[in-house]
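In the two complexes below, chain A is the common chain; its partner is chain B in one and chain C in the other.
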Partner chain A sequence: MKIPIIGAYSTGFGDLWDKGMGDLLEEAGINALKSAGLTAKDVDAVYTANAFSSKISGHAPICSLCFERLGISSSVCISSGDASGAIAIKEAANLIMSGEAKYVLVIGAEKSTDLKTNEMLAVAQDTIDDKEELFIGATVQSQFAMITRKYMSDFRLSRDDMSFITINSHKNGMTNKFAQFRFELDVNKINSSAFIADPIKALDCSMYCDGASAIILCSSGAAEKSKRNVLGYLLGSGIASMPSPLSKRKSLTRIDSTADAAAEAYKKSGISPKDIGLIESYDLVPVSGIISIEDMGFAEKGKGIEFIKKHPQAVNQSGGLKSCGHAVGATGIRQAVDIIKRLKKNSIKYGISNTMNGTGSISAVNIFGA
Partner chain B sequence: MTGIISYGAYIPKFRIKSEEIAKVQGHDPNYILKEILIEEKSVPSLDEDSMTMGFEASLNALKRVNIDRKRIGAVYSGSESPAYAVKPNASIIGEALGIGMDYTSADVEFACKAGTAAMQMVFGLSKSGFIDCGLAIGSDTAQSPPGDLIEHTSSAGAAAILVSNKEEEIIAKLEGMHSVSSDTPDFWRRPEEKYPQYAERFTGAPAYFKHVVQSAKELMKKTKTSPKDISHVAFHTPNGKFPLKAGSMLGFDKSQLESNLIVSKIGNTYSAASMMVLTHILDKAKEGERILLASFGSGAGSDAFLFSVTKSIKNLNKAKTTQEYIDNKEYISYGEYCKLTYL
Partner chain C sequence: MHRKSSPLMKRDNERNYELARNTGHSNNSITGTIESFTRVYSAPLGFENQAPYILALVSLGNGKKITSQVVDCKEVRIGDKVEPCLRKVYVDGKDGLIHYGTKFRVIK
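Presenting the complex of A and B:
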């Protein structure tokens, strides 16, 4: 599998008060087309990714806006929670590989700040199981709090040890002008913030924000024929699921869906973890960022933090979800844009990204090459 | 010509400390003290509302000058917590002050800038010559949902200014006004709702700062003034941080913004807030000084005024100063606070 990526664009992430969903799609879509030297007429299909628009604004699916704002008629909307963007990339690649399309625009967007924090947090709980989790008052954050406790106890780590992933993401995000939070954090600052779900603190959590990201995939034939400037390649994709309720899992500290999705992506790309120099992990909270690294095969269980300490620049060089902000539907595509941009710039051959819905009920992994 | 001929303030004597609220609600008291600069707030007593406090502030304004009260041809009262939903505060205050019945009056509502909207109406009638003297009042007993961060700021107080077009009476001449308005849903309360709602961070950059900075900037442009020409600045004070930040965005230094920090001791008196800062400034202002006031009302808008202080300020009679009201206090527990605010 080797699908050329010829266009990429991300809006800045953050509190984008003066932009609505349509504006975000338009900005990301038009600029991605521009970077590819294409117009809307050249595009055979658009895959949009969005998690919560139906609950936030009542408008779903958002792909209908692509016709209004971009003039692209053939559009599909992927809504798989936090994994929406990464899954949309895989589906777009499948369309190209089937021969049905030459140019496909993949665009993810989320408009979170139309809701107040407590309302947005309630909406975001759509990503876990309604009967066994939501019904008893659990949240994504409280489930991750249990996972964090188990992880800390199994691998003899302190609360301060867990903070390293957040500190690292913030340090890396300082130089990313598209990131929402460009400031450094330290253990004291994290500890002095309020508890969200013990032991998870407010400054451990990534922020639901506004933003849109887009890439353009193209068939190898079309790229060669029209001599397109190829920014990078999609080399492998994997999607896998597991039960959302923690009670139905074999282990609390292993997310099988990530391991399965990564295995599929490695198989398709013919690449192994040792070839990869850039990793966008799913640092929604510290423990998810660490487990994401481990289950993609970069470190043994319990050694994720050591790996990040050894390779601080290789993990979440963009700033990750923590510093960039989490525009949920866009995040998987934002990771792709960041990886493609950074592979060439830093002469790195391969990069990998992971997003998972909720606490891992769906996980998606994409592998990119320069 | 028009301007202020007198002014008055009123602040209830009860105070509750941020630490006391934080203890009950599980908030971090350091955040309240250090980040939003609120130490304590005023709390109305059981028999105090926006009308009684508006009356007290107006009475202080009338104490400072010897004028025939019958000269007052307009009373406008701004509040988002009027004593009645239907029945004006303004006419009750007018009656209580004994100004007869030959005056126009109305209650004005525009969230926290209702008081300055009343000021504009009085200045307009005065400058055009339709009235001789006029009274503008801002007064509120602000409400807040228990447990919300605005519980630390929502307080009670009133301020009043007396306006005339007689040059010899004017203590602060109105040099110019500028207002900005827009449909910005940053803070609201629907009918029948007990507490207001607000849109968190949206109350900052796109609401308070955008409107306050714009109205002040445009007014300085209109009046050909710059921060160095101005001695004192009065902003709306939702907390201690916002007015200081707006001031630094406009190029004012800390000494020009000093009076805004009364908010740390009394909280946010809503419709009275920017007028309250003005009364604190006028208590110490000297001839020749210029004062810039820029209010903020959610919804959203800002009214900016530029005043120049005249020599007549020395001739005012004594009345209780705003600082005296701030210093006259009695601390209450959260339990007493619940009783006084009918929580």
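Presenting the complex of A and C:
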């Protein structure tokens, strides 16, 4: 598959207290249309991605706002937790490939700071298993903490080794003006922050924030006919699932859903990990970023950190979830916007992104080309 | 933690009590091994007054595993042997139900 991307825009991520969900959708949508030289009338459909709006503001699904704010009437909302954005891109591509639509706007948004931090954390826990894990007092972070401990014990890594991906993300994020946290971190600073769930510290965790990102996909025929400026291409995408509770998995240190989604995306695009020069991994906490790189096929099990040390600029050049902030529904699309922009700028051929819901119950992988 | 309706609680209770049912009967008691663990400091709503508490992924030997709390101890390590016990999990608000479930304790 080869779907042209003709428009892209991302709002800055952060605590955007003077903007509501509608404002974010409008800003991202209108600017993406502007960058493509389109108006709302040209767009055949809009796919929105959002994870928690029903719990945060009570307004759900957010796609109804697209009619009010953008004037686009055919709208769908995809709500698959942290993977929502990446899945919306895949579904939009499917709509174009089916011949149903020529121009599709994909827009992800989250408005996390309308809740207090502890309330938002409570909402975000919906992404893990409820019967066994939530019931007994587990959180996304506690489940990743258990994965971290197992990973460190299996591959003989120290707590400080795990911090490298966080330090790298923050270093890369310094130059991204859209990132929420533009400062450097070191091992001492991370270690001196409070425990969330041992061995995960507060400065290991990415923050739930506000933001919206949008891209516009179009059919190859329409792009050629109207001589659109093509920013990049969507070459392949994959979605896969696995059991949500850690207790139902064979291995703690492998996330099968990411491996399966990546295999599907590689198959569709016809390219392999060695062709790829830009990786947006899912660094919600250090271990998820490292496992994400390994399961997408860039390093053997236990060698993920070595890979990042060798290619610090290739991994999370945007700053990743850690430095950019995590506007849950928008993140998958934010990664796409960042990859397309950076492929052109650094003359890299291919880029890949991964987001997963909770501890990997759903994982989505997209591959982009310049 | 969201509030459970009575039918939902009834459906869930069977599995929540199942493991702890044989506690104290040495002939047919179940034991498990800690595969990994964490200590939760940032607790979800309803669990704040319990923090910090130990959560572990316990391997029950028959291919089954379970995520649960480990109680009555300060430190655990990967590989520690544990046994199930029935404990209070949380109270559903001021006028809600008290929820019980299976937790684990280290076998000395």
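Descriptive notes on the structure:
Going forward, the second predicted complex is superposed on the first by the 370 of 370 C-alpha atoms of A that agree within 3 Å, B and C clash if a C-alpha of one lies under 4 Å from a C-alpha of the other, contacts with A are read in each partner's own complex, and residues count from 1 in each chain.
Assume contacts are C-beta pairs under 8 Å (C-beta built on N, C-alpha and C of every residue); 3 or more make two chains touch, one makes a residue touch a chain.
These figures come from a predicted structure and were not determined experimentally.
Touch criterion met: A:L121 reaches chain C, while chain B stays clear of it.
Legend: residue contacts after superposition of the two complexes on their common chain; A:L252 is shown touching chain C, with no touch to chain B. By the touch criterion defined above, A:A194 lies against chain B and chain C together after alignment on the C-alpha atoms of chain A. Set against each other, chain B and chain C differ in how many residues of chain A they touch, and the higher count belongs to C. Judged by the touch definition given at the top, the superposed model places A:T113 against chain B, while chain C stays out of reach. In the superposition on chain A, contact is made by A:D15 with chain B only, not with chain C. When the two structures are aligned on the shared chain, A:F135 is found in touch with chain C, with no touch to chain B. By the touch criterion defined above, A:I147 lies against chain C but remains apart from chain B after alignment on the C-alpha atoms of chain A. When the two complexes are laid over each other on chain A, chain A has residues 194 in contact with both chain B and chain C. Residue ranges of chain A in contact with chain C, taken from their complex: 118-119, 121-122, 125, 131-139, 141-143, 145-147, 149-150, 153, 194-200, 245-248, 252. Residue ranges of chain A in contact with chain B, taken from their complex: 15, 17-18, 113, 116-117, 192, 194. By the touch criterion stated above, chain B contacts chain A in their complex at residues 28, 197, 199-202, 205-206.
Listing the residues of chain C that touch chain A in their complex gives 1, 12, 15-16, 35-47, 50, 52-53, 55-57, 64-69, 78, 89-90, 99, 101, 103.
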